[in-house]
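Next come the structures, one after another.
Same chain, two partners: chain A is paired with chain B first, then with chain C.
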Partner chain A sequence: MRKQGYWGFIFTFPFLLQLVVFFIFPFLFSLYLTFTKWDLFNPPQWVGLKNWIQFLSRETFWLSLRNILYFSVLFIPLQTAFALILAYLLNRQIAGKALFRMVYFLPVITPWVAGGMIWLWIYHNDYGILNWLLERLRLSPVDWVRSGHWWIVIGSIAVVNIWKGAGYSMVLILAGMQNISNEMVEAARMDGASGWTLFAKITLPIVSPMVYMVMILSTISAFHAFDVFLVMLGDITAVADRNMVPNILIYRDAFMNFKMGGASAMAWGLFLIILAATLMQKKLEKRWVHYE
Partner chain B sequence: MKALKIAFTSILIALSVAACSTNQTENKPSGGNAPNTDNPPPKEVELKIGLPGGYDITSKKIIDGFQAKYPNIKLEIEEAPWADFTTKIITRIAGNNPPDIWFQENAVILGYGARGVAENLEPYIKRDLKTEDYAEALFSARTADGKVYGIPHGINAGALAYNKTIFQENKIPFPTDDWTYQDMIDTAKKLTKDTDGDGKPDIYGFQTGNNITLGWLPWMKAAGGSALDASLTKAAFTDPKSIEGLTYWADTINKLKISPSRELAKTGKFFENGKAAMVFLQYSSQVPINKNNPDMDWDTVKMPVGFNGSRFVPMVVNEWMIYSKAKPEAKEAAWTFLNYYLSDEAQTFLSESGASLPVKKTALEAVEKMTFKPGNKKAYTEGIKEAGGTLDENPTWNEWRAAANPILDDIMDGKRSPEEGAKEIQQKVQAILDENQ
Partner chain C sequence: MNRPSAALQWIVYLVLGAGAAIMLIPFFWMISTSLMKAGNELTLPPKLLPDPVMWSNYKTVWLEVNFVRYTMNSVFVTVLELIGMVASCAIVAYGLAFFQFRGRNLIFLAMLGTMMLPSQITMIPTYFIWKSFGALNTFYPLILRSFLGGAFGIFLLHQFFKTLPRELFDAAYVDGANPWKIFYMIYVPLSKPALSALAVFTFISAWNNTLEPLIYLQDKKMYTLPLGLLFLKNEVENRMTLIMAGAVITVLPVLIVFLFAQKHFVQGIASTGMKG
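Entry: the complex of A and B
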């Protein structure tokens, strides 16, 4: 090994150590746990494929998967579209631009507890503004987060997550838009492009790598969604099966019911699903993402 | 000279006997054989005590009193809000780094006992305590095989609290200890009023609880049902009496409309704000009520007599447990702490704090004479003696409760009928009980 390489290794050693201790070891250990029964306090016992078979045949897991897929279908495209529109509007020459950027970014830095409280008030059956509006329109009120219909509950929660996450995605896309050179826009204008054509033919292709990144990040965060469900559904011990999502199920099994093996198997199942979704998006990338 | 020799030899023999006896005491293994706490070892010991809820729950006077009495035991106190403590403690145990002694809910402690985390305190109790000096609740953490995994931090019982002003304004006599659930419902109907004419009640006669302690379980027991059978291994939700109790419970909101709904109750403290005339109230709740609403005129009577003619007083008993893998000397020190905790002095400090009712009978009697509200503390103390019962607790209590809770919420919200809901709960709870047999 050359001397420089040796020093390089020494300097990166603390980071490698951290990687091994906090990432590689837990990653592999959790894989091992999927084949064991472990209550956290006593040594793990080998049970073979039992945990995998058990979680695949568990109704609650499939319900949670249905919910998170529905959540993703709402959340990913709507958040991306919303962020794209906001970024496009805020990239124009308008008065008070800095103020609007801040306003749309504010939910990102608002703590979940505070944001969740606001939305719970908006959704409140008796005092909420949404039901108040419905009442004014002579429509019957909706039980937004306590409905017996899972699709209303999960849909309402997806809206909250879009509100919270769109600002971050907007900043990423906005950064991409600001890289578009004035010359290119001017040239397009001289050729007669304006409005929608300018957006669809110039802006969108140029920011498509950013949009793609936002979609990948949104997909991962959708499958990871935990805080939003925790805050909106209230007591974690009282989440109905019809409103369950994988992360709450995993958390509950692992840390409340001390079933680390089963929880690890579910976590790995979820990991494989996210991997498949991301690979699928990667495959479709070539069709619409434009790199200069 | 001879006399001097005899005296010298006697002193030597006396010293050797003393030395031997000291060695015998010190060499006793902890755990199986309880240590002798009459003569605490003079050597310094470190004891890590976990205080969930900090000094709001564990009176500082107890800690200071213990420290003054046992200066050789150096306390390392770890206090945290209850929720943070209970979240962290699991990973701390998994990492073999929890405090030597702390307290949690009885059911959690039973679960820790089943997993070998909590020390069996039965030998210690047998050796050092006169059990007849304590309320039966001392043994709330006893399992079927006789092991005892915790010492009560205190008893938090339920009673029927009522707002005197609302009763007086409506010229209705106050509740009594002889009241039945039916009396309570009938009176609540009279007290529920829409004062501003918007079609919605502004004062409710009763506020129904949604949890196991003050909500659905007392109603099920009032009809003669229960969550689990006596062996705590079979679910009893589909027992017709249990369903009957659930029906009475949900009807208070959905049919009789004498109670605010679950969602409404979440956003307003109805009893505290004088918007509900009656509520089932745990003993510890008087601390925030007396602090935040000192002028409110209220009192308590015993939990009403059930529809089946018998009374049930729900009790939450949090327990102190000793970590089974703590060092032997730390276990000894922890038991010394518990022994002090159960002494007259510490039990009096506990009573004065108002956070919980003591388990020592003498201190329990003294509570009745205390002057803070509620005036009638016998509703709790005598209620416990007459009909105190824990909440069908077993090592899987948290797990089966989590399975039942969302369905019970649906029943309370009127989204599902008690019969239909009970059927589903029965299936889920029984599966959990079977899996953990």
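Entry: the complex of A and C
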């Protein structure tokens, strides 16, 4: 048995190395960096709480936070609702189920840069298909991602994110729906339950753990979103403050302006916010998620 | 009872069809634009189909804008990442699943913890690590890490190994086979479905990776496809026909892999609920 322990250590060693080098060290080093001024080339200089105070009093940071919150408030419920409806419909007896599932999943595997390029083209002010449609409907065109209104820009990007992610959430919810037994549905039907009651009283409670997980994953992915903004916001050096999001701000400060300390402090600030959001969702979980 | 349900069925198809159209129209327009003659994409009302069909757009992007180079870089990085990830995750998952040792539960917990830690936190120190190894502007930062395993893959394979009979291990062990031999003679062949699921996941996330190449690759000759596509705009002065041809070249390999392996992919997600 002692020999087994030796083998276990050998086999898991690669991951131990990964853990120490790429997680434990970066975690601690990054925390240290939040208290320093560092340009990567000269040694870090201890500055105490300066970085933290600086980003907390920086308007661009709060604008970026406002934008990502607005983005999440649009993206999370809409994507979840869309995924739930699709999963519910695809869980019925219908022809072409596999084909539909594949089509909805297509955007999920599409590289973000390519997907973003396509949508930039769809959103194009003069030649985009969307403005052309609006004109056909005798509505005035919208400047989508080039708009002066931040909520139109961020909203347009949230739509692309839903397009990209709905299929993923759908698969998760669909997997949960497959746990619903036919007997239960039949029994409810016998008792005279209609389609809506069936959905609200049986389907929804049973898939609620999956829906919950989808919402947690969407929250995390919204706050991690980088590629979508990288492509959709255009030239990173020229992103207007009103359209800024935290991850682009952190990337720009770190790798374009070489303010590693300030960028680290913002990354930590964002991390604490995500943590708080997740814990809050965890607390609300008991209210509506049903476990068997 | 029959009539309303038939009507309902039509509504179901209508909603599903409309949703599918929304999913597909962007792809349709991408392909259509990629085949248009320069200038034809800038007409009102927009042309939905290319006329004439310009295959030469692909030639221009492939040879003149050097997408052939970006594709080769992408293939190189992706293949190595895939080999490293599948091999190392299998080994680590095997160690976690079949051996009792001190700290095993701790490793398992830490593994799940790594999935929670946002990459923004580790990004700057990781960059520093590679910089101190002099590995900036090389493929090492993209590839080497995958040889140390990843939480998602280890978790996936660990769950799979748990379903395999332990008696096989014990019997082979008593017969004098060493654990390493048991691993690749018995468990690797038995785990082909799980290993290929992980391979598909790794392929797609490696192929689509943008942030790391953006941070680590400066020399244009080193660009992978997403990065090449990102900067294509400046090179072709916003010519949409060429940009869309570049997008098609970037998307096509993942689409092909997905069509052949979608079962693995969808089941992998459904069974673990996590992203690669």
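A few comments on the model shown:
In the analysis below, the second predicted complex is superposed on the first by the 280 of 292 C-alpha atoms of A that agree within 3 Å, B and C clash if a C-alpha of one lies under 4 Å from a C-alpha of the other, contacts with A are read in each partner's own complex, and residues count from 1 in each chain.
In the analysis below, a contact is a pair of C-beta atoms (placed from the backbone, for glycine too) under 8 Å apart; a residue touches a chain by one contact, two chains touch by 3 or more.
Small disclaimer: the values here were computed from a predicted structure and weren't measured.
Superposition model on chain A: chain B and chain C are shown in a clashing arrangement. By the touch criterion stated above, A:Leu40 is placed in contact with chain B and with chain C alike. In the superposition on chain A, A:Leu137 makes contact with neither chain B nor chain C. By the touch criterion defined above, A:Met190 lies against neither chain B nor chain C after alignment on the C-alpha atoms of chain A. Which of chain B and chain C touches more residues of chain A: that partner is C. When the shared chain is aligned, chain B and chain C each come close enough to touch A:Tyr127. Contacts of A:Phe255 after superposition on the shared chain: both chain B and chain C are touched. When the shared chain is aligned, chain B comes close enough to touch A:Thr237, but chain C does not. By the touch criterion defined above, A:Trp7 reaches chain C but does not reach chain B.
Touched by chain B in one complex and by chain C in the other are residues 40, 124, 126-127, 255 of chain A. Those residues of chain B that touch chain A in the complex are listed here as 87, 90, 93-94, 111-112, 115-117, 261, 263-264, 267, 398-399, 401-402, 405-407, 409-410, 413, 415-416.
In the complex of the two chains, the chain A residues touching chain C come out as 1, 4-12, 14-19, 21-23, 25-27, 29-30, 33, 40, 82, 85-86, 89-90, 92, 94, 100-107, 109-115, 117-119, 121-122, 124, 126-127, 129, 132, 136, 163, 167-168, 171-172, 174-175, 195, 210, 213, 217, 220-221, 223-224, 226-227, 230-231, 247, 250, 254-255, 260, 263-264, 267-268, 270-271, 274. Looking at the complex, you find that chain A touches chain B at residues 39-42, 124-127, 146, 148, 235, 237-241, 243, 252, 255-258.
Remark: chain C residues 8-9, 12-13, 15-16, 19-20, 22-27, 29-30, 33, 41-46, 88, 91-92, 94-96, 98-102, 104, 107, 110-111, 113-114, 117-129, 131, 145, 147-150, 154, 179, 183, 204, 207-208, 210-211, 214-215, 225-227, 229-230, 240, 243-244, 246-248, 250-251, 254-255, 258-259, 262, 265-266, 269-271, 273, 275 touch chain A in the complex.
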